[in-house]
Amino acid sequence: MTPPPMMPLLAFQDVAKSFTLHLRGGAVLPVIAGATLAVHPGECVVLGGASGAGKSSLLKMAYGNYRCATGAIRVRDGDRTIDLAAAAPREILRLRRTTLAYVSQFLRVIPRVGARAVVEAAGIEGGLEPEVAHARAGDLLARLNLPERLWALPPATFSGGEQQRVNIARGLIADRPILLLDEPTASLDARNRAVVVDLIAEKRAAGAGILGIFHDADVREAVATRIVDVAAFRGAMAA
Amino acid sequence: MSEFPTTEPLLTVSGLTKRYGRRLACDRIDVSLDPGEVLAVVGESGSGKSTLLSLIAGEVAADAGCVSYRMRDGATRDLAALSEAERRALMRTDWGFVRQDATQGLRMAVSAGGNVGERLMGIGDRHYGRIRATALDWLARVEIAPDRVDDPPTRFSGGMRQRLQIARNLVTSPRLVLMDEPTSGLDVSVQARLLDMIRGLVAELGLAVIIVTHDLAVARLLSHRVLVMRGGRVIETGLTDQVLDDPQAAYTQLLVSSVLAA
Amino acid sequence: MNAQATNPDITVSAGSGYNFAYLDEGTKRMIRRAILKAIAIPGYQVPFAAREMPMPYGWGTGGVQVTAAILGASDVLKVIDQGADDTTNAVSIRRFFTATAGIATTTRTAEASVIQTRHRIPEAPLSEGQVLVYQVPIPEPLRFLEPRETETRQLHALAEYGLMHVKLYEDIARHGHIATTYAYPVEVAGRYVMDPSPTPKFDNPKMDDCPALQLFGAGREKRIYAIPPYTRVRSLDFEDHPFRVQSFERPCALCGARAIYLDEVVLDDAGGRMFVCSDTDHCETRRADGHTGEAA
């Protein structure tokens, strides 16, 4: 298959990752080896493979949350690329503000702040004007069917599904070109899963590149432009 | 970062060393801090993290090493080469220091308004009405009711005392704030409120912060980068979530695994 | 302050068995060196090796040592306590120097060459050549807020006097105005902040540009400080709460004097009271000149 003509937004090149468990006598737990993949604008690349195959680890490396032992993870930053595996902390933080969005399964926010304010703050941090962030936060929460009476309340008291919707809104509010989605629909009902599918389609249409994990087969079918089986990267590890 | 030199660091610590007898409290510590950056120094009691803070603040003399700071005029100065008058002027204008023990960071016999106003009077403000208005404004920002302005901190709860310390330090718009375990000893709910407030102010004012804490949750919530210390040495350093979620050093792994879901 | 004090012929006071003015000459020289340094650095607290005096602390041991060190045989001494020449403290100190130095004493401000005082500055203007010696209990103006001596010294050295204003701020916050009425802090010669001893702030303006030499002695705290003649002495304040002296509604009941410092005298158990000059010499002089008040 000929590669798309555009420069990828995100490219793993021969990436390997293992955990050294010092508390277990230095046991080395290999996770990934020889991982090479690229995400181009408009693409939604879905990571496939069994649980424990290293899908989440790949996403976390793409966000700079996990370190990368060998190889390179190149992120397009305007007309340059930056290797996350070698970038300084400050650089990674900057990329998270401008380029990389990450939606995990779990919402981790500080207490006391209301749901809408949480989403809004993420928008402002991502470079939106406060008024734009405010309006967009409301739109997103409405589209995700979060009852308006909850908007002013801190999400800590919400149900799992409600928290996840706040989390999605938070991850998608700003216009970052790379979206990393780790099972964002895991605890959503069919109606809200459909909303997330639409949101992802809109992001793709706007030129974003998406790398995600979706366990739900329907959602995966609906959003994936390509599925990459992570098991292949474990094969390379044995070689 | 080396790809494109952005701003010069605000604070640069190099080779900072302090010995107490035969014990090395700090062993050749290197740190740099950019404007607006929050660095957490974590470790257990006796790791040298509080000594590091005292060394940076110049309250304890280092045996070796250097702390340099980019002053408001843009010139980077070796803090050890400042005169005592310059050092103290820097400390009460461009730096803040929030202490673990509020009685060390506040004047307990002086009203809340006087505590906040002291730095203003220290830099020569001689207008009572203006000083008081500024103090009231800052008390409001740290959520202390205006009718408490004339109460001494002896009548404040632990959480309020810490908030008052923060107001007292921030009133001169410092660019660097040192914090030594600002939330320890407080109830969990009070801690959360204080952390939320610190986080908000730090972001709003673009403060550079070095926060010493044994609480990894505090580090995760507030800091961009983390420095793990043990026995006076830096064990591991990096992006906060990276160090906490993917710790490399044996000691960091132990530290991370010893806490309940940080 | 007359030079004869060092003349060996008169260093032993007639018949008392004590050295002239009680202290030995070596001690006096030590104290004079401290005084000279204090004059050279107006408002700066000079430590000195205060001696035990034959009176308890709080009775003016600091002032007595300063007076003893500067007295000469031809000096005329006046001693006041709260403005009065006839209180126990004033009488005792006057007797002490009469006995140990054999010098002349007076109650007349204008006639005195050395005036030792506790808590007042005489109403009559002082003149060149006169020395006013203050008895000081606590010389450190910053002590109220800063208990550490090492820190207060540092603050003086660096002229960091924001703390002094914190005290005044507290006054206004609590009372709506600067309620400090005595020991009101002053800045001397544009540099050191000084505690004028527990004189009423009413007397503060008299310290400014005063023709007389002002010396301060703290015996327990072992400090001497000074205001040389014609030195700028400014009372600290805020722009919107400027320094003001107390004013009294009524004149002195005995001599009719106005714009002077009055003491309240309780006359009976029925709430009867009157206000009279705190400075007894000032009052007597005026009455001798024919002035009268409503009670006279």
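Observations, loosely collected:
Letters are used for the chains, namely A, B and C, taken in the order the chains are written, and counting of residues starts over at 1 for each.
In this text, a contact is a pair of C-beta atoms (placed from the backbone, for glycine too) under 8 Å apart; a residue touches a chain by one contact, two chains touch by 3 or more.
Since the model is a prediction, treat every value here as computed from it, not as a measurement.
Overall, the chain located most centrally, as judged by its C-alpha mean against the mean of all protein C-alpha atoms, is B. Summarising the inter-chain layout, the chain whose CA centre lies farthest from the centre of chain B is C. If each chain is reduced to the centroid of its CA atoms, chain A and chain B end up 33 Å from each other. Rounded to whole angstrom, the centroid-to-centroid distance between chain B and chain C, based on C-alpha atoms, equals 47 Å. Centre-to-centre, using mean CA coordinates, chain A is 78 Å away from chain C. Along chain B, no residue makes contact with two or more other chains. Within the complex formed with chain A, the chain B residues making contact are 1-3, 34, 37, 192-193, 195-196, 199, 221, 224-225, 238-239, 241-242, 245-246, 248-250, 253-254, 257.
Contact residues of chain A toward chain B in the complex are 19-23, 60, 64-67, 80, 82, 87-93, 110-113. By the touch rule above, chain B contacts chain C in their complex via residues 84-85, 88, 107, 109-111, 113-114, 117-119, 121-124, 126-129, 131-132, 149-150. For chain C in complex with chain B, the touching residues are 145, 154, 157-158, 160, 162-163, 165-166, 169-170, 172-174, 237-241.
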